[in-house]
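These notes open a run of structures that come right after.
Both complexes below contain subunit A, partnered by subunit B and then by subunit C.
And now, the complex of A and B:
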């Protein structure tokens, strides 16, 4: 792994924004809207409140145990074998998230733009590109993320700007949708919307100074939260609750909905280009991080050759769900629900053990 | 074969050790043998009786590369007439070197010096009377500017150096010579500002030059290929320019310039993407005007790289994106064309490259003809024969024309080559493959390093710099030298 100290706050922030922030444009809204109806735009807010203190504790622990990344930290706190055990769980979570998410993205691409192409071909093309991108290493990934972030965010802002005309504010009421209890339970259950933040911790030592990593990731988390909430709010006000639960890919529906003046009426391909950049980069970052976690657990210093088998694995597992509905509404929902308590509790447990061992002084 | 190789490599080493004899007769014999005097027509020798020590002497030189009148006036005449006690005090030549090795003698002879052997003297005197022929200074033809100095490098090291020194009055400007080549020993001149340039990069370049182990490197164009790190890469890592003002501006920032006697251009290392993207005129033009040209150039970069590929992708896979009226127009124009769209685009792109290459090689008097033939056949006849649709002509012309805005030859080739990759990708899987391939190309570029400098710095990874990337700041606000070179003095101008 290269480390020339080229990565700084903005590169880390860019990676975080792409990895977590792209949730605003996949089928997560549909998933959330199933139960919470038009209150679902509040769920990310609640999830964030649930998961972020724990995340800050993780950053605090990493700062205390200097020169360690996520896996090394857990091994230092809980002992070698338990640490590795938790590491494997995290790795499996990461791999499954990649798999379900990528299937989800492939379905989006296939359904919307290549209806005649078989899923497996799209899968191979998509993950193939992701694999070659990831091979370039974390520094190039970070730099590319930063360089592409501007155009991606400009196009996202343009979507918001153009859709403002369609917004009907009254659709936000009743503000808690199907009821406040529903929103609260969903908020906690889907706290793992931000689970990617934890996977990013493996790259803790990659920046020039660790403080840059913490700053970048914290700043980016807040921006992400704002973005996601904003977009979900726009979805709810443009589509209303009945249709949002039925629309699988609200971002793409939104881009099909909007016009740029009277002449350019079908500009979804324009946004699709930037969305594709974001999607490629998300999976490039994600698969690199997952492989890195695996490499850390089994003490494989030169883990980059493992990218190939894992990419292949992602394609193969991604093929298993029968269709996108099962993939999205059953498997992914289940994964999110399982991951949430894990990531909410993990930091406190680690902190408790470390405190108990008296290593925090 | 092995024996043959061994034998041939032995002979130069025996010369290397040979010392100059005390006897003039023997020395003359040796020189005649070394330079094959009976066959070599421009090898000249002249015997004379030296007045100041009253001994026999003999001069050797290549008549083709020395200044005859200079030898006459400043070497032969003083030796024949003047009094004095040493050779240095007698001849009126600015540069005299003394040596007692034949290997040095050979080197001096080849670099245009006259060699003086004296009876009962075991050392020789090499006097610089070189007069290599070269062009005079012309206008820069390959990198023209409207505003800015017009002179270009020419095939003479001293002239080129003087063009640089004229603009950079600095005693720290160093011109370091490094000899490369085994059979023909040529000199590469490494030019840098000593109190700015980073020592590690300098050492890296020096090492690269010293490690070149070939018979000869004739000029910087070949040198470029010897010092680059990735010969198979599509992305260039050495900047090539014929403009002295461009070279000087890079020197000021802490870059290293390589010059050779036989090239009308120089090499600049290390480089970033921006060195290829910029033109010196961007800086000579006022802030807004300069940035406007940059914006145009960025557009050209996009157009030449992507327009054909985008057209293929959109009309093959995403035709719903095209506004209905335009879509109908495109369809109508393609109605009678039998080929698939991607094939049409490829025909036209290759045809354009053909015209370009042929136009470059064609003898001058025939130049206009090819223009007419090319335009007529490809523009009109091909359309009328329903080989291609008129819209493709527009697309190909746009992409071909835009490529000329990228003045640097290396980046120009990179873009022209990558264009075909993008067209094929777009033809295979529309925007999905196109964005993917572009992203991979971009990431590959980001991973390229030129002498340790990342290709997209200072944009990412970030460094202190004049922030001269896509756009530039007003000249007054540029405070720093590029930090990615780690210069010894990063402050260009103090804040005030």
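And now, the complex of A and C:
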């Protein structure tokens, strides 16, 4: 493992922003809008409120039990075997999230830009590149994320800027969408929108000082929340509640819709390049973290050779869903709903046990 | 070993070329026309394909090459019939650069229209910014008769033609995006561009109005035969009526989501009604729309529009610019006339269309907590047709151009 503890706040923040923030450009809006209608832009806010206190507790526990990462922490608190058991559950969640998400991204690339290429070819190339990227180790990944973050965010801001002309503010009303109880329950059920934050905790020890990690990830979480909410707000005000639930890839529909003056029409490819960068980086980070979690559970110090079999596994499982709509609206929705209570409760349970054992003094 | 690695690297790199297609292997469609056929579920699609060699400085084109190729095939949706058309078009037909979709009035008025236009939103090739146009004749005739004279390149022709006409307000901006928002929102009327190439029943310009026409009625000598004027009214995805240019302008003045820059119009001179004063109308501020929603009694809608006017011609030679009292008279005449026109249109939408053409349902939404409540209150069946609507115009500024006075007729003729 190439880890000399070089990473700092900015790299951690960049990785968090890419890993969590790219949700604004996939099918998640359509998934949320199915039930919440035009109130869906409030869901990330509610989810964040549900999951963030627990996440802070995790950071607090990690600080208390110095020199431990996520898996080691759980083993220390709950005992070796239970800790490993919970670890496996987290690993499975991570792997499934990668699989469903990658299928979704492949469908987007295929449908919009490479209509003739077979999905399997796109999948192999995509995951192949992700594999080679991940192989470079966490420090290179962190540096790369930081380098590309600026251009990716500039292109995203340009999308927002150009679509402002199409925004009709009144479309957010009626403010609670399909009803306030509906929004609240959906907010809790989809709390796992931010589950990636927990997966990142495996990298707790990569920074020079662990306070850098905590600072980076907390700052980035708030920026991500702002970004996601802003984009969802733009989607709802541009597309309105009846259409947003029907549009599978609102980000791409938006980039196809906007023009840069009369001369530069059809400019979506400009944004696609940076979006693709972001997508690659997201999966590079994600697959590295998942493999790392696996390596920790089974005490495999040198886990990087495992990246290859896991990449292959992602391709194979990713092929299974019959089409992207089943993949997104049924399988991914189910996964999010199962993950939410798990990640909301887990920190409190760990904290309770640690407190009961009197280890927090 | 090295050979194997090189082979592997190339096979990975080259798989990026799966979707490679050369520019010259594609035909770019600029306009799509859709017509009904006798058989249900089968439509006739007309594709106007641009000739990229025309209008380009780089390539010398043959003198006989036409700027466009127009083909018509029957099929069930926009995309699949491009493949049928490939039986006699030599290249792959690409819809990425489509500028307009022409729909014949006959199809627009039929119930099936929504079925055929839906497929346009499913394919990623057709963008949401494509404009929708309703033609009086069959779409195939419209596209074939349309012969631009100065601007031969079809994509530029449609772009410039529509942009300018939208700026002057005689036709609305009617993108597919807006069509789907309004139709799926199920609360307002959608206005589509109305156009024709047939000048059958020209109106005599007896009243001296510049915009009280619909396409085909404008007396015209010379120029391209295509007239863009007025708008087709769609209710719930089906065309129900036509608004003339003047009504279309009023509708756009009342709608915050549509942009209209300025237009020239005339009113009878309040002091000498046989002459008409021309003025330039500007609307620099958005209209203020206030809705007071009551559950049990009619809703009140207050609309306040502030506008500016630049007087261009006063053929009566009365010196309006010098006398405050005369200006007051002119001002009153202007606002009164605008209010009359607006009230007439609103009455028409309330009584005969039973829905609004101004996208006003947006402003009542904030009175509801959730969508169920909003949909149950039913804007266009219940609230709008019974609403009390009060429109006031306010003249902010009146300018008189670069002349202070016109020539004094008595001095000239003495």
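Here is the rule we go by: the second predicted complex is superposed on the first by the 361 of 361 C-alpha atoms of A that agree within 3 Å, B and C clash if a C-alpha of one lies under 4 Å from a C-alpha of the other, contacts with A are read in each partner's own complex, and residues count from 1 in each chain.
The working rule: contacts are C-beta pairs under 8 Å (C-beta built on N, C-alpha and C of every residue); 3 or more make two chains touch, one makes a residue touch a chain.
Everything numeric here is computed off the predicted structure, so don't read it as measured data.
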Partner chain in contact with A:176 - subunit B first, subunit C second, else both or neither: second
First (subunit B), second (subunit C), both or neither touched by A:266: both
Partner chain(s) touched by A:243 [first = subunit B, second = subunit C, both, neither]: second
Touching partner for A:125 - first (subunit B), second (subunit C), both, neither: both
Contacts of A:38 with subunit B and subunit C, given as first, second, both or neither: second
Partner chain in contact with A:115 - subunit B first, subunit C second, else both or neither: second
Which superposed partner A:160 touches (first subunit B, second subunit C, both, neither): neither
Contacts of A:141 with subunit B and subunit C, given as first, second, both or neither: first
Subunit B versus subunit C as contact partner of A:277, first or second or both or neither: first
Footprint overlap on subunit A, comparing subunit B with subunit C: 113-114, 117, 125, 265-266
Subunit A residues within the subunit B interface of the complex: 4, 6-8, 10-11, 109, 113-114, 117, 122, 125-126, 129, 132-133, 136-137, 139-144, 146-148, 263-270, 272-273, 276-277, 280-281
Residues on subunit B engaged by subunit A in the complex (per definition of touch): 314, 317-318, 320-323, 429-433, 435-437, 439-440, 442-444, 446-447, 454, 456, 459-462
Residues of subunit C touching subunit A in the complex: 12, 15-16, 18-19, 96-97, 124, 127-129, 159, 163, 177, 180-181, 184-186, 257, 362-363, 365-366, 368-374
Residues of subunit A touching subunit C in the complex: 37-39, 111-118, 121, 125, 128, 166, 168, 170-171, 173-180, 182, 239-243, 246, 252-253, 256-257, 259, 262, 265-266
